[in-house]
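Input: structures, listed below.
You will see two complexes here that share chain A, one where it goes with chain B and one where it goes with chain C.
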Partner chain A sequence: MVPLPFRIKVKNAESGATVEMELENDNTIDEVIESAATFWNKEMGAYVVRKGKKVLRGTMALADAGVREDDMLELVPDPEGG
Partner chain B sequence: MIRPFDFDGDRFDRSRRIDWLDVNAISQTKVLMVGAGALGNEAGKNLALSGFRNITVVDMDTVAVSNLSRCLFFRESDAADERFKAELVADGINGLAGGRSARAVTAPIEEAASDLFRGSDVVLGCLDNVLARTHVNGQSYRAGKLYVDGGMEGLTGRVMVVRPPDGACLQCGMNKSHAKVASLRFSCTGVETVFHEPRLAAEITTTSVLAAIMVREIAKHTSGRDDLMLSNMLYYDGKQNRMEELEISRNPDCLVHHN
Partner chain C sequence: MGRPRIVGEIRKPVLELMPPSATRPHAWLSPDAAKRYKATCATRETFDVYLSSLAENKILEQSMNAAPKMLEVMGLLLGEVRSWKGEIYTIVRDVGTTDLKNSPAKVKFDPEALPRLFADLDRADFDYVVVGWYHSHPGHTCFLSRTDMRTQKAMFSQSFHCAIVIDPLNREIEAFKLRGDGYIGVPFTIVDGGFPRMRRLRTLGGGQVGQALQ
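So, the complex of A and B:
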């Protein structure tokens, strides 16, 4: 069976901008992070994606992470400095 | 008979008025603080003034002039003299605490004896790179010690609390983007080991907020009030004046939990 694509929005926590992405259930959170960081020309660094209060694990497929059509995820820098 | 202002003779009188804060337990707790940069300076100050009296400060770096806008215990002459940050922070703590409360270790944490972790009660991470964080996270977890880690960037930052053997650890929340920068040193010093520049430099007001939260979490734990502690992560956005608890779930594949 051909997997059906679905759309979500990703918000840039630093700028407030959003981007719509077309994805499939077996895409991973790591792929969302990489795509969003590339789209916004983010500098090299650590980022996480959150859905509400939950930080989503990079290796998880979207379906396993509970990401559904029309969900809003947020790309957040993980501060590294000390 | 209590005379007016008698209570001002007790250094910790104001702390003792907070009923759940155990000042005696705090004075006996062995703190391992890894990192003596901006966060380490602020956390060191907070530890000393809160009454912690057994602190080991680990950092291999020496002072650079650019540190001076964020570091209470450093002076311009320290940069010229290439003084070790760990020694200056330990000296600063001892100056505030009025005694020999802190000692310095000027070696990379990866080379420091694992006894440091086993011999401590709590571990405070004031680090500036992912690789050192994963090391300290793993060592603390294996030693069964509470680990409180801070990270910051510009006006944002986060504090993570790791409580072995339960819950998520720092590495559970990491992904491919962390792996990419893991081997790159992220430092404010400008020495030749720096390959990866910060996206934004940290600044002192953010540092102060985060270091205060980190030391307060340790004070809660030491006082037997884990029920008041963060569940795992607090995210701070100083630009928007937002502070929010986020959830990181334990990763069943995380290597830290399998060693």
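So, the complex of A and C:
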């Protein structure tokens, strides 16, 4: 059976821009971050992605992470100072 | 399995709005920063950065609390991007932070404490943009280190993005932006009252819809 694609929104906190992204349940959080970071020409490792107050990490599939149609995720900068 | 596909983007417009006029210099400006402040008052209508007294107090308090142990502190600057007469300026309304992994020479958010940072973001009562970041250099004066520059270039490379550095021991504070391969100090000011609300929206080119941020 072919999985049905669904759409979510991903906000870039450091510009306020939002992309609409089409994905499948077995896509991973890393793939979402990579797609958004590439689109905005950003370093993937410099960000964390959140859904509400929850950090979404790494290789977890979207379905397992509880990401659903029309969800809004946010790419938040994770700076380091020295 | 297909790769995620981006099907559209909505960019946040820049508001065309006169900057606040009731402002004051920060009491901890370094001699260089004080010169920039005076020059801006004399020759320009717009500072690069307008820092609310609410944000200023939070930065000051956090950095002072960690100063006795010489620990660096850090957070995100939450605000808006505006323009006036063709000049982009940055409003910092509030800050967001959380527990840190910090030492006298390094600072990062504690990954386990990110939900508290997200709660700060959610508490903002406006449609925030992370317009930059702040951190402290206890006893080391204000500048951007190699680590700071990596952060600035990776995350805060737009013209409106700034870095505020505070030294609570030497009682200094400065705002910086990227310029070319390096960085420069930029004039900033403190706003005690609120910020004016949006009256109209237009592009820098004079159209009816705001200029998009990258």
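Note that the second predicted complex is superposed on the first by the 79 of 82 C-alpha atoms of A that agree within 3 Å, B and C clash if a C-alpha of one lies under 4 Å from a C-alpha of the other, contacts with A are read in each partner's own complex, and residues count from 1 in each chain.
The rule we apply is simple: a contact is a pair of C-beta atoms (placed from the backbone, for glycine too) under 8 Å apart; a residue touches a chain by one contact, two chains touch by 3 or more.
Keep in mind it's a predicted model, so treat the numbers as computed, not measured.
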So, on chain A, is it clash or fit between chain B and chain C? clash
Look at A:Ile29 in the shared chain and tell me whether it touches chain B only, chain C only, both, or neither; answer first, second, both or neither. first
Partner chain(s) touched by A:Met44 [first = chain B, second = chain C, both, neither]: first
Kindly classify A:Met21 by the partners it touches after superposition: chain B alone (first), chain C alone (second), both, or neither? second
Determine, under the contact definition given at the top, whether A:Val76 touches first (chain B), second (chain C), both, or neither. both
Which touches a greater number of chain A residues, chain B or chain C? C
Examine A:Lys53 and indicate which partner it touches, taking first as chain B and second as chain C; both and neither are also allowed. both
Part of chain B, among the options 79-87, 97-105, 133-141 or 241-249, whose backbone runs into chain C after overlay: 241-249
Do any residues of chain A touch both chain B and chain C, and if so, which are they? 13, 43, 46-48, 50, 53-55, 76-82
Within their complex, state which residues of chain C touch chain A. 1-12, 72, 74, 76, 81, 105-109, 111, 114-115, 117-119, 121-122, 127-131, 133, 135, 145-148, 150-151, 154-156, 158, 161, 212-214
Which bits of chain B are touching chain A when the two form their complex? 35, 37-40, 125-130, 150-153, 156-158, 172-178, 180-181, 186, 188, 196, 198-199, 201-202, 233, 235, 237, 244-249, 251, 253
Write out the stretch or stretches of chain A touching chain B in their complex. 13, 29-30, 33-34, 37, 43-48, 50, 53-55, 57-59, 76-82
Can you list the chain A residues touching chain C in their complex? 3, 5, 7, 13-24, 26-27, 31-32, 35-36, 39-40, 42-43, 46-48, 50, 52-55, 74, 76-82
